[in-house]
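Pasting the structures here.
Shared chain: subunit A. Partners: subunit B in the first complex, subunit C in the second.
What follows is the complex of A and B.
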């Protein structure tokens, strides 16, 4: 069930109604679990089975780790927990990729025997809840949190439908206390949530899905280099609007139920370096990798100085890349990010020296252009079916001959309008410190009127084909 | 408990106020758009409205881009001595045209219909989203929901919003309000193409068979032919010429042939017609004729129709009841 579908529009008010009506007992958790179960069942009953088994196993293993009895026993349970989560993710997401590479290697070595691939269905949200469960076990092991003793609370944490399909990858530390708190009805939570939902829908339906019509119609076999360049630039805006839109809807849905989910984006298109970009883009993933992979690795490799840091960076970004999907394009995506960030790290001192001599506005403009073009080129790997195709596309971009295909005038105007609104909002938040969509009027009727106008605008220029969110595939 | 009750009441009141504001905005915005839409003086939407609500032409031409660009009402009128209107529309297939035909038949019954069918018209690859252009007419022609329901089962509920009916149409409506001199060549729905194919510069796409048939499209074609037959309309099914094609038939064409055979509907297949094949001067691309090609096709077709109408004049003028 997609957030931008009509079925969800019928489903969610029912959940809110039930949740508010029985909020003062232990039943709200049951309402959340039931709603999440229905949400998963609606799309993939098989996914429900997998997520249930994983939740229950993590619940029991967390308690065993938290017993603090025998350190060896704790270690065994911890390794078992990590193994269960990673092998579950590996099996469903990476097994066929692994087998196909083994078979390719067999071809190279001249071996005839081929391993069969399995017909696997990728369970919904597996990459997201696996990382949530892993961070939970690590935090329990490091005694950052106590294991959750209440099964319904723990299941609510893993199952919580607003974040299940595409995050944010919420930490147990911040989410479990919210689950266990008694929720009161709050009109401010409700209205804040509704604002986030409306803004998220705008990003998804008006911007991302509108651009998608053009991007999907561009074919590297038939269109010119200039057209490929335009569609690649637009694709960067599409991915941003799509994922940021999804996250805002998810955060808005959670907020109406009284839960705070973490921010996943902080105006990433205003980054002046790739290092900064990853501090602003998909924050729940980058901070997860930073906390649970990069920091422990740099600690382990501290004796190797800068080389150790670069190795840790490299490993972290390969994991970020492969987290997105089981193809070499995603591995390469991670490697490229790792290389660029390593170069940025190594060149920091002399870049600072140069920047001291250049006007700050020029430094910012060059930085913005560098990060935007690097991300645009990197995102080609997101869409390309193979590294060869990505390389052909990049070659075409650098050889921009032929006519440019714009689609229709309406497409260009609608897309530019959407992009302009997103950038305008980001500029206000970034430089003025306030959100133009948080309408400050004291009068509810005026706020209602302005949000009503935004909804009408969505109905007027949004794309209502119920298309998928890009990050669902991950 | 008192606090909870007051919060709930406050929330409900706010939701009601917001919904009332939203409904009013939707009513005003949708009302303005409706007014603008149905008062256009030119453009795509104007032609659709005219073709559905105003034309009384004796001959109607249905079909996608090929129909719209290949059949000249001026040529056909001269040859047939009947009034003609071209209902063809880019990208619209039999689903759209069945809905339009049903709408027209509420008002009057044309004598002749020329239905141009694309060689892969009945396949699944086209999707249903494009039929949202029928939404502005849904209130007046509720039977159009049969097509719109294929897009989404909730389409009727979505149309509670007046604005939704005009989704993504704003710019086209605005351009339709401005009289456009450039488009003055558009005559009775026919949009001629003026370029000439240059095979040295243009990659020619040839006809390929798409075997995945869409049962909905097959069923709507069946309905289209059946309704025409029941109303006593003389229907001609035409496959337009291709610049070059290795094949003369596709899965869609075979289905069309069998349905037409069932209803004894004449078919004219020009896909490999030697008057057109590899004649650059008649084409703009591999599958579309220019004004010269359209004039030739209209002339050839009208000669056949003229003869056929003379042979079965009584049948045409006496609808089956």
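What follows is the complex of A and C.
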């Protein structure tokens, strides 16, 4: 069930109504679980089976780890828990990729025997809830949190439908206490949540989906290098508006029910380096990888100095890349990020020396241009069907000849207008420190006017074709 | 070696690793308090501490180092008899 679908428009008010009517202590969790179960069942009953088994296993293993009895026993349960989560994700997401690479290798070696691929359905949200479950077990093992003893609370955490399909990858530490203290609907939460939803819908329906019409119509076989360059630049804005829009809708839905989901984006297009970009983009994933993979690896490899850090960076970013999907394009995406961030890390000292002698506006402009163009080129790997295709597209971009195709005049106007509003809002938050669309304005009339404009724009310019969010495929 | 001496020696190591002689660390100092304390320098710092005190921290211990005080705790456990 997509957030921008008609069925969700019927489903969510019903959840709010139930949540409002049933306010007694333990019932909110039951309403949440029932709503989440219906949400998953509606799209994929099979996914419900997998997420249920994984939740129950993690719940029991968490308790066993937290018993603090025999260290050997704790270690066995911990390894078992990590193994179950990773093998579940590997089987559904990476098994066929693994087999097809073994078969390719067999071809090279001249072996006739081929391994069969399986007809697998990717369970909903598997990449997101697997990471939540892994961090839960690691935090219990490190005694950062206690294991959750209440099964309905734990299931509510893993199943929670606003974050199920594409995150944020919420940590147990911040989300489980909210589940256990769920108080139901309040006017202020409802109002703040509604604002986030409207802003999210604007980003998705008005900006991302409108740009998508153009980007999808561009074909590297028929269009010129200039056109490919324009569509690649627009695709960067599309991915940002799509994923940030999704996250704001998810955060808004959670907020109306009284729950806070973490911020996933902090104006990533204002980054002046790729290192900074990954601190501002998909924060729930990048901070997860930082905390549970990169930091432990750098500590484990501490005696190898800079070589150890570089190796840790590479492993972390290959994981970030392959987390997005089981293809070589995503592996390469991760490797490229790893290379650039390693160079940024190693050159930090002399860059600081140079920056001291350069006007700050110049370093900022150059940094912004470098980051935007690097991300735009990297995102080509998100769309390309193969590394060869991505390489052809990049060659065309660096040879921008031929006539440029704009689509229709209306397209250019609407897209630029949408991008401008998103950038203006980001500038406002970055430099003024508060959000004109989210934080309540002191003036009721101004606030109402802004939301009225956004709603009218969604109705007039929004694309209502029920298109999927880009990050749902991950 | 008492806890104060450990803190003093830690201060010397921190100044050397971060190449900044003006740094003063206390038990409550965290990585956020010192500009130079990034992930690269953190790994170098831990390695330097281990060499200086001739000890080896466990990974689970390292993951729990939220401030300088926690590092002192782990060193004290091994060096104060």
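Definition applied: the second predicted complex is superposed on the first by the 458 of 474 C-alpha atoms of A that agree within 3 Å, B and C clash if a C-alpha of one lies under 4 Å from a C-alpha of the other, contacts with A are read in each partner's own complex, and residues count from 1 in each chain.
Methods note: a residue touches a chain if its C-beta (ideal position, glycine included) is under 8 Å from a C-beta of that chain, and two chains touch if they have at least 3 such contacts.
Keep in mind that what you see is a predicted model, and the values were worked out from it rather than measured.
Annotation: superposed three-chain arrangement on subunit A; subunit B versus subunit C shows no clash, the two fitting side by side. Once the two complexes are laid over each other on the shared chain, residue contacts for A:299 go to subunit C alone; subunit B is not touched.
Judged by the touch definition given at the top, the superposed model places A:345 against subunit C, while subunit B stays out of reach.
By the touch criterion stated above, A:455 is placed in contact with subunit B alone, subunit C being left untouched. By the touch criterion defined above, A:28 reaches neither subunit B nor subunit C.
By the touch criterion defined above, A:245 reaches neither subunit B nor subunit C. When the shared chain is aligned, subunit C comes close enough to touch A:142, but subunit B does not.
When the two complexes are overlaid, the chain among subunit B and subunit C that reaches more residues of subunit A is B.
Contacts of A:162 after superposition on the shared chain: neither subunit B nor subunit C is touched. The least CA distance from subunit B to subunit C in the superposed model is 41 Å.
Shared contact residues on subunit A (touching subunit B in one structure, subunit C in the other): none found.
Across the complex, subunit A meets subunit B through its residues 6-7, 20, 24, 184-187, 190-191, 222, 409-410, 413-414, 444-445, 448-449, 451-453, 455-456, 459-466. Those residues of subunit A that touch subunit C in the complex are listed here as 141-143, 294-296, 298-303, 305-306, 308-309, 345.
Per the touch definition, subunit C reaches subunit A in the complex via residues 39-40, 42-44, 46-47, 50, 59-60, 62-64. On subunit B, the positions that touch subunit A within their shared complex are 3-4, 7-8, 10-11, 14, 17-18, 21-22, 25-26, 29, 129, 132, 152, 154, 157-158, 161, 163-164, 166-168, 170-172, 203.
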